[in-house]
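A, B and C are the chain letters, set down in written order, and residue numbers restart from 1 in every chain.
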Amino acid sequence: MERLAPAKDRLLKSEKNWMNGEVRGKIIVFLCAFIMIAATISITIFLGQKGLQAFIKNGVSLIEFLTSKAWNPSNQPNPLFGALPFIFGSFAVTFLSAIIAAPLGIGAAIFMTEIAPSWGRKILQPVIELLVGIPSVVYGFIGLTVLVPFVRNHIGGLGFSLLSGMIVLSIMILPTITTIATDAMSSLPNSLREGSYALGATRWQTIRKVLVPAAMPTLLTAIVLGMARAFGEALAVQMVIGNVSKFPHSILDPSATLTTIITLNMGNTTFGSIENNVLWSMGFILLVISFAFILIIRYLSSRRKF
Amino acid sequence: MNSKTADRIATGVFVAIAIIIISLLVGLFYFILVNGVKQISFHFLTSPSSNLVAGAGIRDQLFNSFYVLFITMIITIPLGLGGGIYMAEYAKPGKITDIIRSCVEVLASLPSIVIGMFGLLMFVTLTGWGYTILGGALALTVFNLPVMVRVSEDAIRTVPRELKEASLGLGITHWHTVKTILIPSAFPSILTGAILAAGRVFGEAAALLFTAGLSTPRLDYSNWNPFTATSPLNIFRPAETLAVHIWSVNTQGLIPDVKEVANGSAAVLVICVLIFNLLARTIGSLVYKKMTATK
Amino acid sequence: METATLEKPDAMQLVQNENILNVNNLEIYYGEKRAVNGISMDIEKNSITALIGPSGCGKSTFLRSINRMNDLIPGARAVGEIIYEDLNILSPQINVVALRKEIGMVFQKPNPFPKSIYENITHALKFSGIRKKKVLDEIVEESLRKAALWDEVKDRLHTSALSLSGGQQQRLCIARTIAMKPTVILLDEPSSALDPISNGKVEELIVELKHDYSILIVTHNMQQASRISDKTAFFLSGDLIEYDKTEKIFTNPSAAKTEEYISGRFG
C-alpha cells in the first residue's frame, strides 16, 4: 500500500514528521525538568531578596546580626538583632547530634555488612526504614512527653535543653547515616576483605585498618548528609529545645536555633516589619548553609574510591 | 591487648549498637501505639477539633491531610514523571543536564522550613491567596518533586534496553516508545516510589505551617461543591493537617486534653504512614504481575 | 509487500542477483575508535546473507547501522554510504522511524514486550495507523503463521508473551517484525540464546522467509551460516576480509584468515 509511494516520499523527513508528537513530547518533558531550575532559581532569588531587606531597608547591621549575642527585637527604641545565639544553637545541635548518630549509624552499617550480613540486614534494614517513616512532629512530640521530663528528673535543668534537642535530632538522622554508610560498606570490593584476612588480620583489624579507611569519603558524606538534615529540622527541635534567646552555657540550658525562632515568630510578626525581616535573613542563612552542605558533599563524592 | 580479645570486644560493641537501634524502634512504636491506640475511637476520628474544650476529635485534620496529599500528588506525579522521562531519555550529557541534576539535588536537600518560607512568599503573599490548601500543596510539590523526578528517572532507566530497542526497531517513534513501552514497564517502580513519597508528604508539617495555615474553617461535609467556602473540597481555604495539628496542640494548644489528642493523632499519623509503607512494598509487585501475566 | 511487488514488472523478479542494499566505503566510529573500516558490499534481494567473524569484529555494528539502531549509542557515527532504493540511509535527512518499518530487526535476546501475544504484534501496527480490529486480527494470524507459531499460540493469543518459551518468544519477535511488512530483515544472532530444538525451528523459519524478504543474519555459529545462507561475509577487526557465495567460503575460501577462522583455529 504505502510502498507504492517513491522511496523519497516514504523515507525522507518532512515538515509533517517534524511537527508530530515527537517534538511536542520532548518539549513537554523538558519543561517538566526545567521546573527544577526555575524553582531553585526563584527560591534563591526570593529568599535572597527578602533576606537582605533587614540590612538594606531597615539598616540592621550585618556584623551585629552575625556576632552579637543580644536578641530583643521589641526593645524600643533600641531593638537588638544579635542572631549569634541561634546560629550557635543550630551548629551546636547539628554537631552534637552527629557525634552521637555517626558512630551508631556507621556501627549499624558495619553490623549489617560485616558482622551479620545475612540475618542482621534482614532485621535492621526494615527497622531503619520504619525509623525514616516516623514524621518529625511525632519525634518532637515523643521528645516533649518522654525525653524532656526524663532529662528534668534524672539529669537536671528544665528538661528543655540543647541536650534534648541533640538526642531527638540524633535519632532522626540515624537512618540517613545508616543507609548511606551501609551502601558505602557493601560497595567495597570483596578483594579488600579477602586480602586482609589472607594476611591473618582479625575481623576488627580488617574493619578498622582496611574497610573503614577505604569507605571513608562516603562515610563522611553520610555524616554530612545527616548534619544537613539536622541543621534544617525545625518542628521536632522546636518542641524540645526551650526556645530562649539567651546564649547557652551548658548542654542542659534551654536554647534556640535558627529554625526554631523562625517557626515560632514567623506567624507572630507583621509581614514587612523589621522583626519579620530579620527572620527572613535567618531563612536566607539556612539556605546558604544548605548550599554549603551540598558543596561539601560534592567535594566528598569526588574523592570516592569505590 | 591481644588482637583476638579486641576482635571479640569490637563484635560485642557492634551487636550492642544493633540492639540499641532495634530497641529504640520498639520503644518508639510501643509508646506511640500503646498510648495512642486507646485514644482512637469512632468519635475521635469523626468529630471536629476544638480550641478550648476536651474530648474533641480530628475529623477535619484527617480529611485535610489526605486532601492536601491528594492535591500534591496530582501536581507532583505528572511533573515528576515528565522530569524523570527527560532525564532518563532525552537529556544529553552537557551543561543543562548538569544544572538540572544540581537543582534536583539542591531542592531535595532544602530544609522544609525554608520551602515553607518560600511558599509563604510565593503562594500566600505574592498571589494574595492567604493560607490555602493549594498553597500548601504547591509548597509540598517543591519538596516532593525532586523525589518523584529521581524515582521516575531510576524506574525508566531500569527498563531493559532490549525492550526499548525492540520498539524502536519496529519503526515506533521515541516518544511513542516512551509512552507505550517505557512508562508501562516502569510503572510498578514508579508507583512504589510515589507511595513512599506520599508517606513522607503525609507526615510533613514544617512546610505547611506558613502555607496551609493552622486553622480550618467550619466545614460542611454535605457540600461537595469545591467552589463554595464551606466545602471540604474548596482548595482556596486554610487547612490544618494532622501533622501540623500535633505540633500546634503541643505548642500553642489551650485544650485540657492536649496529651490525649496528641497521642491519638500521633498514632493515627504513624499508622497511616505505616500503611503507605506496606502498600508501597506490596502494590508494586502486584501491579507488575497483573500487567504482565494476565489480560 | 504483495502489492508493491506486483507493481513492478514481472521480469524484474526473474533477474537474479538484484541488489537490495549497496554498501560503499562504510566506516563506523564509536567516539574516536573506528569499529568498521571502510567496507563495501552489495546485499542481494531475496537471499540470506550471513555475517560471520569473531566477537568485536564489527559485524553487529555493521548490521545495526543498516536500520540506524546505532543512533541510540551516544558517540556512534557512520561515514560512507548504504544505498537503499536510491537513497543513502545514513543521511541525516532520512526519517529513521519510516526506515525501520522497512528494514526490521530481530535481536539476540528474545525481547517481547511485557504484553499479550496479540498486543506484541499489534503494538507497532496500531502506531502506524491500522486500527480496525478485523484487519489487525488478519495480520496477527498471517504473521504468526509465517513465523510458524500460529498453531502453538492460537488458543492463547491474549496471554502474556512472557509465558512463552525462549524459542517461541524469538519466533514471536520475528512475527511482529514480519507484521510490519518490511523488505529487509536484520537478525542479530537470533538463535544464540536458544536451545538446539528451538534453534532448528528458527533456522527453518529464516530459510522460509527469504522468499518474501531479504535477510541479513549475524551469527557466531558457523554451521548455521553454512546451512542457511546464500552468501557469507567474513569480518575481522572491522575489515571485510572475504565476501562470496556461502559454498565458496566454506569449501574454498580465498583468504588464509577466512580458512583459519572457519576451520576453528581462532575466534
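What we mean here is this: contacts are C-beta pairs under 8 Å (C-beta built on N, C-alpha and C of every residue); 3 or more make two chains touch, one makes a residue touch a chain.
Please read all numbers here as calculations on a predicted model, not as lab measurements.
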| item | value |
| --- | --- |
| Minimal step count in the chain contact network, chain A to chain B | 1 |
| Centrality ranking, top chain (CA atoms only) | B |
| Pair sharing more residue contacts (C-beta pairs) when B-C is set against A-C | B-C |
| Farthest chain relative to chain B (centres taken as mean CA coordinates) | C |
| Separation of mean Cα positions, chain B and chain A [Å, integer] | 17 |
| Chain centre separation (chain B, chain C; CA means) in Å | 48 |
| Distance from chain C to chain A - Cα centre to Cα centre, in angstrom | 54 |
| Junction residues of chain C - those touching two or more other chains | 97-99, 102 |
| Contacts with 2+ other chains: residues of chain B | 173, 176 |
| Residues of chain A touching at least two other chains | none |
| For the chain C and chain B complex, residues of the former touching the latter | 67, 69, 72, 74, 97-102, 104-105, 107, 109, 111-116, 123-124, 127-128, 158-160, 162-163, 173, 176-177, 180 |
| Interfacial residue positions of chain A with respect to chain B in the complex | 20-22, 24-26, 28-37, 39-40, 42-43, 46-47, 50, 103-104, 107-108, 110-112, 114-116, 120, 123-124, 127-131, 133-138, 140-142, 144-146, 171, 174, 178, 202-205, 207-208, 225, 228, 231-235, 238-239, 259, 262-263, 266-267, 271, 280, 283, 286-287, 290-291, 293-294 |
| Of chain B, residues touching chain A in the complex | 3-4, 6-7, 9-11, 13-15, 17-18, 20-22, 24-25, 28-29, 31-32, 78-83, 85-87, 89-91, 99-100, 103-107, 109-115, 117-118, 120-122, 125, 142, 145-146, 149, 173-176, 178-179, 199, 202-206, 209-210, 214, 243-244, 246-247, 250-251, 259, 262, 266, 269-270, 273-274, 276-277 |
| Complex contacts: residues of chain A adjacent to chain C | 1, 3-4, 7-8, 10-14, 17 |
| Residue ranges of chain B in contact with chain C within the complex | 92-93, 160, 162-173, 176, 180-181, 184-185, 291-295 |
